[in-house]
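By letter and in written order, the chains are A, B, C, D, E and F; residue numbering begins at 1 in each of them.
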Amino acid sequence: MQSESNVFISCTAEYKDAGLVIFGAPFDSTASYRPGARFGCKAMRAESFGIETYSPVQDKDLSDYSIFDAGDLEMSIGSANTALGQIYAASGKILRDGKIPCMLGGEHLVTLGAVRALREKYDDLYILQFDAHADLRDSYLGVKNSHACVMRRCYELVGDGRIFQLGIRSGEREEFKFAKEHTVMSRFNLEGMEEAVSRLAGKNVYFTLDLDVLEPSVFPGTGTPEPGGVSFSDLHSAIMKLQGLNIVGFDITELSPHYDQSGISVMAACKILREILLVVNN
Amino acid sequence: MQSESNVFISCTAEYKDAGLVIFGAPFDSTASYRPGARFGCKAMRAESFGIETYSPVQDKDLSDYSIFDAGDLEMSIGSANTALGQIYAASGKILRDGKIPCMLGGEHLVTLGAVRALREKYDDLYILQFDAHADLRDSYLGVKNSHACVMRRCYELVGDGRIFQLGIRSGEREEFKFAKEHTVMSRFNLEGMEEAVSRLAGKNVYFTLDLDVLEPSVFPGTGTPEPGGVSFSDLHSAIMKLQGLNIVGFDITELSPHYDQSGISVMAACKILREILLVVNN
Amino acid sequence: MQSESNVFISCTAEYKDAGLVIFGAPFDSTASYRPGARFGCKAMRAESFGIETYSPVQDKDLSDYSIFDAGDLEMSIGSANTALGQIYAASGKILRDGKIPCMLGGEHLVTLGAVRALREKYDDLYILQFDAHADLRDSYLGVKNSHACVMRRCYELVGDGRIFQLGIRSGEREEFKFAKEHTVMSRFNLEGMEEAVSRLAGKNVYFTLDLDVLEPSVFPGTGTPEPGGVSFSDLHSAIMKLQGLNIVGFDITELSPHYDQSGISVMAACKILREILLVVNN
Amino acid sequence: MQSESNVFISCTAEYKDAGLVIFGAPFDSTASYRPGARFGCKAMRAESFGIETYSPVQDKDLSDYSIFDAGDLEMSIGSANTALGQIYAASGKILRDGKIPCMLGGEHLVTLGAVRALREKYDDLYILQFDAHADLRDSYLGVKNSHACVMRRCYELVGDGRIFQLGIRSGEREEFKFAKEHTVMSRFNLEGMEEAVSRLAGKNVYFTLDLDVLEPSVFPGTGTPEPGGVSFSDLHSAIMKLQGLNIVGFDITELSPHYDQSGISVMAACKILREILLVVNN
Amino acid sequence: MQSESNVFISCTAEYKDAGLVIFGAPFDSTASYRPGARFGCKAMRAESFGIETYSPVQDKDLSDYSIFDAGDLEMSIGSANTALGQIYAASGKILRDGKIPCMLGGEHLVTLGAVRALREKYDDLYILQFDAHADLRDSYLGVKNSHACVMRRCYELVGDGRIFQLGIRSGEREEFKFAKEHTVMSRFNLEGMEEAVSRLAGKNVYFTLDLDVLEPSVFPGTGTPEPGGVSFSDLHSAIMKLQGLNIVGFDITELSPHYDQSGISVMAACKILREILLVVNN
Amino acid sequence: MQSESNVFISCTAEYKDAGLVIFGAPFDSTASYRPGARFGCKAMRAESFGIETYSPVQDKDLSDYSIFDAGDLEMSIGSANTALGQIYAASGKILRDGKIPCMLGGEHLVTLGAVRALREKYDDLYILQFDAHADLRDSYLGVKNSHACVMRRCYELVGDGRIFQLGIRSGEREEFKFAKEHTVMSRFNLEGMEEAVSRLAGKNVYFTLDLDVLEPSVFPGTGTPEPGGVSFSDLHSAIMKLQGLNIVGFDITELSPHYDQSGISVMAACKILREILLVVNN
C-alpha cells in the first residue's frame, strides 16, 4: 500500500522529469476586505477530480504532459515579509532547475515573491496581469507589502512600460493616473489582449491571473468581488492567446472558496488552470 | 473620541450642506415569496467599504460631493399603511428642504411612500422603473398595498402614460394588458432606455430601481429571483443614460442579503448606488 | 395514477375520520428581527420523511392513528388582521366538527387566531406556552397585533392566571412585571412543568410551542434565536408530561428554515411534532 | 376540508383529462462527483409558486392547459437497475394511455428508463440532448448504468445518427471520438439548434435536458458544474425552437438544490419547465 | 522537492512500520435521505491540521505513534456490491499483514465490507456500535445492502448476542423487536458502555462509530440527523472506555460535510478520530 | 435630520459621561486556521438590536448605564506590530481618562495591545482568561506576535502566577508544561472559576474572553472550533461571578461570523457582552 499523493488532477510526474512545477502559497494576511484566499490552493487540488483532464477546445490532455505538483509551502501567516521570502526561495529553486513555476495563491501579494525570483533570472522581464483591480497603490492602511500594492512593488522591479494590465475596472483615481504614465493598462475587459500579445511576442513574460477579473456571478468565491467583470468565455479566449507568448512563470490567485457555498468558483479556477497548463505546454 | 458614524461610503456631509439625502426604509412585510429585503439598506452601508469611492467609468469620486446619509427609518413592521406614512413624511421633509431623496429599500412597496411626497411637489411627475416584474396587480392575496401592486398604486397618483417600465419579464396576463393601455412598457431588457430618455427629457422624473431586474446569477440576493434578466453591464449602461434626465428623487430596492451567502449581490447594489449618486450629481 | 398528496408523514387519514387536524399558517409579516417563519410549515411536511413514524420512547406509531393534514391556509401576507381572521375561521370549523386543531406556524402571532376560536368554544380556556420570549408587550413598533404582543392579546381573551409561561428568558422589564401580576411564569427552563401540569389537570388547555424555547444550537433556524435555551431532551421530557392534560388544541411556531442550512432545525421540529401528536392521541 | 395536493404550479388536471403527465424520479445513486439530484423534483414543485403561470414571451398561461402531476416515484435508492425498471414502468403506462411523459430528475441516468419505454413505442425514436457532458462513456468506475454513460446506453437502443447532442463542452477524448462516428454533436453552445430542428422535423423526438448545460453562474445547484455554459436566454431561445418538433416525451434533470443556497437554480429550472410545458402544448 | 502527501495529521509512517492503517471508503450510494458521506474521509484529512496532535486528556501525542494513512479507495459509485468487495479486499490485506484497519466512511454500509474480512480472521468476532439508528431492517426500499440494513447483514455474519448497540434512538418498531431477541441494545444514550465493556473484555471487538449518535447540534453534517443525541463529552467519555478492550478494527462513518457550512462537524470527527487512534494505541 | 450612529445596543452615552468605553479591533492577520474574526466587532453592533437591553437574570437594563461605543479602530491589516500599537494607543487614552476599556475583537492577539497599556497603569495586573486554547506557544510558524502565542507574550509582561486560564482543552504538550510552572490553569471547563475568584479578589484584573471556550455547537462562528467546550449556561454562570472582582479592562474575541450562516454565534456574543457590561457596571 502506498500513501495517497495530493496533487492537481493528473499532475503526477516526478520533479526531475517535469518541465512545469506547481506549488501553493496559502497566504492571505494582507487581504483588506475579506480574507480566505489561503484556502484557494488546497481547494483547487481537492476539487480538481471534478473536471476532466481532456480539453475539447485544445484537443489536448493533461495526462500527456509531465507536471509536478509540490504541494503547499508552509507559510508564515501574519508576516508578509517572511512569506514573500519563502515564495522567492521556492520560485528561485524551480527556475535554477530550468523549470517553469506555476504558483497557486493565496492572495495577490504572493506574486511579488515570484516576480523577485524571475526578475533575477530575466533582466527584461515583462508582466501580463489580468485583474479587476489596478493594485498600484503605494501603500495601503500603512502597509507597503499589501495585495493592494502588489503591482506597484512589481513595477519597482521591472520598470516603465513592462507591466500590461488587462480587465482593470477598480482603483483609486491616483492608481489610474500612475498607470497612464508607467504601465500599459487596458480597462474594463480583455479586448486589449490581441494588442498585448503582439507587443509581448518574443519577450519573457510572467503571467499573473487575479481571478477576480471574472464577473462575480461566475466567480463569487473571492475576497473583493467587483461587479461588472468578464465572462468565463472571455477569460478562456484570452487564455488561449497565451499560446503566442514565451511564458516563463505564472500564477493564479484570489480564490477564496468559503465565500462560495456552491463550489462553482473552485471549478472555474480548476478549469482555467487546466487550460493554462495545456496552453503553456505547447 | 467620537462615536463611529454609520453611512454609505464617504457620504459624510452634514444635512444642511447636502444636495442629496440617503435614508433607509427597512420594510418587507408584504413580500409574498421570500422576505428579507428589510436587511438590504443596512447591508449596503456595512459592505460599502468593499468598493472604491472613485468611478473609472465616470472619472468622478464620491468624496468630491456632499451627500448626507440619515440612516434608517424605524419602521412599523407588520403595518404597511403606517410604514408608508413614515416614508412619506421623511421624503416630504427632504423635498421641502430642497434636497433630493435617495431611498434604500426594503421591498418595492416603499416606493409608494416616496412617490406620494414627490407627487405633492411635482404636478407632472414621471416615473422611470427598472424591474423584472410589472407590479401592476390591483390587489394581491387580498391586499392592496402590496409590493406586487406598487406601480398600480403609483399609476393612480400620476396617471396615464407617465410610468416608463423597462426590463419587465414577469407578471400576470392582466398586468401586461393594463400596461398596454396605461403605461409605457419595454419588455425583457433595457434597450428601450434610449427612447425613454428622449421622451423623458426635461420632465421631473422619479427613478425606481428594483434590483431584481438583474439576472439572478448577478443578483441572487433578492426575494423573487426571475431568471433571464439583464447583465450588470447592461444595467450600468442604462444608468449612465440617466445623465440626460432631471431626477427629482430615486430609490433602489429588493436587496435581500440573506439569500446570497457569497455577498456579490450587496456589492452589485453598492456599486450601482455609487454610480447613480455620481450620475445624478452632475 | 393519483396525484401525490403532501402531508406530514403518515397523516393520511380523511377529514371525516380524523380526530386531529393539522393545518399550516404560513404568516410572518410582523416578525421584527428576521422573517422567514412562513416557510416553516412547508419545510416540516417536506422533510418529515426523514424521521420514522415510530417513537421508541412512547412505543407508539403515527401510522396507527387517524390524522388529517389539510395543507396550508393561503394567507394575506402583509395584513395581520386578515390573516388572523383566516386562522380563526379555519380553527373554528375544525372545532365545530369536534376535532382538535394542530396549527403549524408561521410566526407566533398566529396563535392569536386559534385562541380566539378556542375561547369561543371553551369559556374557561387555559394556555400553556413554551417560549424564550414573554411576548407580553402591549404594542411593538406601533403595532398591536405583533408576535411580540401575542400573549398579551391572548391574556385579554382568557384573563388573569390562565396563561402558564415556561422557559421564558427574554423580554423587557415591563413584561416580567406584567407576568408577575397576570400570568403564571416559570423562567429560564422547563422545570416548572410538573407544577404546571398538576395545576392544569382537568382544565381545557391550549398548548402553544414557540420552538425558540430551545437552545439556538439545537434550533438555529428561527427568527429570534435567544442563547441559553433548553436542550432537546428537556423539551422532549416536558412534552411527555402533556399526557396528563386535556389538550383541546395546539400549535408549533417559529421554525424559519432558511437560517439553518444544515436542516437540523426542521428535523427537531418534525420529531417534536410527531411526539406531540402521539402524546395527545392517547 | 381537503388535503393539499402537491403539484407543479397549476398542473392540477386529473389524469384522465391530461395530455401530459409529470412525474418525478428522485434517484441519484450513480452521481460520481456531488450527489443530491434526488432533491431536484421535490424542490421544483415546492418553489414553483415563486413564478407566474403566464409566459409573456409565449403569451400562454399554464392554467389554460390540462396537465397532471403524479408526484414522485418511490425509488430504490442504491440500485440503479431496479430504479430504471421503475421509471420504465411508469413511462410505459403513460405512453400506453396515449399521454406524453414529462420526467423530473434526479440525475441524468433516469433518462435511460424513459427511453426504453419510448423506444418500445416508437421504432424510429430520435433523441435531442442539451448537456454540458457527452455522457458517452462505455462504463464509469466499473459501472455500466452510470450517469456518465447514459447516452451510450441510449445509443445502444436507438442506433447511429439518432442522438443530437447540443452544448457539449466536457468529456474524455474517447467520447468525442465516439460522437464523431455515432451521434450528431454540436459543441460548446446551442447554435446548432436551428440545424437540428430542421433535421428532426417530422420525427418522433425525445427531448432530454441536463440543466448543467447552463453556465454554472446561472445554475450553480447541480452535481457537476462545468464552467463556460450557455446563458439563460440562450437556453430559452433554443427551447422556443422545440415548437417545430414532435416531442413524444421529455425530461429535465440534474437540479441538485442543496448546492445553491440562494435558490436561483430552482427558479431557473421551474421557469424552463413552464416554458417547455407551454411550447409542447401547442 | 517532494510531492505533498495527503494524510490525517501526523499519520506519516510507512506501511511496513505501521501497526494501524487508515483508509477511506468514499461511498454513499444507498443513503436514503441525504447523500454526501462520500466527502467525509477527504474532509477529515484536509481539516485535520485544524486540531493539535496532542491530547491533554490522554496525555498522548499522535506524533509518537506509527500510523499509515493509505488514502481513499477508488469506489464503484452506484454499485454497493462492488464497493463492498473493494472494502473487503482492502481490509483483508491489512489484516493479513497483521495490522489494524481503521476505515473512514462514507455511509454506514461500508462497515459490512470490513466486517466480512474481520469475520474471516476472527471466528468469535463481536461488534460494538455507537449509532442513532438501529440499522436492523431486513431490506429498505427493496434493497438488501443498504445503510439501513447494515447491522442486520452483520448480524447474519456474527450471530446472536454478538452485536452491542449503544445510543440507539430511532428505528421501526420491528427493528427494536429484532434487537430484543438478537442483539444487545442500550437505547437513547451511552450509559450502557460500562456494562458493555465488562461483557466484551477479552473478546475480539470491531468498533463501528456512526457519528450521528451525536446530538445534531454538535454534528449537523450528517445525512440523517436525529434530534436528541449524546453530547461530545458523553461520546468522548465512552471512547475513553475503549481502553479496556481488544479492538481488532474500527470505523468512523456518516460525516457529510456539505450539510455543515460552519465546519464544526468535521472538527468533531477529527478530534474523535485522534482520540480513538490514541486509545487503541495503548 | 441626524446621521445614524452605529453602536452596540443602547450604548449611546457621550464619551465624557461614560465610565466604560467600547471599541473594536478588527484585526485577524495572524489567524492560522480560518481567518475572519475582523468581522466580529461590526457584526456584534449590527445584530445587537436582536437582543433586549434588559437582563432578567441580573434584573438590570443596559439603558440605565452610561457606556460609550467608539466604533472600530482602522487597523493596519497585514502588520501585527502596527496593529498592536494602535490598540495600545487607544487603550492607553481610555485608561488615562479614567475609564474602563472594553475591546471587541478581532482575533485573540489583540489582547496583547490592551494588556500592554493596562500593565503600564497597574503594576500588579492579573489576567483572567476563558479560552479553549492555551495560547502559550513561544512562536508559531516563525511568528512571535501570533494569536497562538498571545498569553505567552502577556506572561512576559505580568510574570509568574498572574494569569488564570480557565476552560483550556487544546494545545501542544509544551504549552501545558509551561502552564504548570508559570500560570494558573484549570482545564476542560469553568469549574475553577470559584477558586479563581477567591484568589483574584481585591486584585486589578483584566478579563479576556476567547469565545471559542464555548462548545462549537453553541458558537460555530469562530476560526478554530475545538469540540467539547462549555455550554452557554456554564459560561453565563461564570460571567456572573465576575461581580466579585475589580475588572479594570476586558475584551471579547474570536467571533468570526462568516462561518455561521445561522447567526446564532453573533447572538451569543451579543448576549454575553450585555451580561458582562451589566456585571461590571455594579
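Criterion: a residue touches a chain if its C-beta (ideal position, glycine included) is under 8 Å from a C-beta of that chain, and two chains touch if they have at least 3 such contacts.
All figures in this text were calculated on a predicted structure; none of them were measured in a lab.
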Task = Name, by label, each chain that touches both members of the pair chain B and chain C.
result = D, F
Message = On the document's contact criterion, could you list the chains that touch chain C and likewise touch chain D?
response = B, E
Request  = Return the chain whose centre of C-alpha atoms lies at maximal distance from the corresponding centre of chain A.
outcome  = C
Request  = Just grab the chain with the largest centre-to-centre distance to chain D, centres being mean Cα coordinates.
outcome  = F
Query = Could you state the distance in Å from the CA-based centre of chain E to that of chain F?
reply = 38
Task = Could you grab the centroid distance between chain B and chain E? Build each centroid from C-alpha atoms only and quote it in angstrom.
result = 55
Inquiry  = Using the touch definition from the top, which residues of chain A touch two or more other chains?
reply    = 34, 215, 217, 259, 261
Query = Taking all chains into account, which pairs touch?
reply = A-B, A-D, A-E, A-F, B-C, B-D, B-F, C-D, C-E, C-F, D-E, E-F
Message = Considering only the defined contacts, which chain D positions touch chain E in the complex?
response = 28-32, 34-36, 38, 74-80, 82, 141-143, 145-146, 258-259
Ask   = In the complex of these two chains, what residues of chain D are touching chain C?
value = 1-7, 12, 15, 21, 23, 42, 46, 68-72, 93-94, 261
Ask   = Of all residues in chain A, which touch chain B in the complex?
value = 33-34, 168-173, 176, 187-188, 215-217, 220-221, 224-228, 259-261
Inquiry  = If we count contacts the way the header does, which residues on chain D are in touch with chain B in the complex?
reply    = 49-52, 54, 56-57, 59, 61, 215, 217-218, 232-233, 236, 261-264, 267-268, 271-272
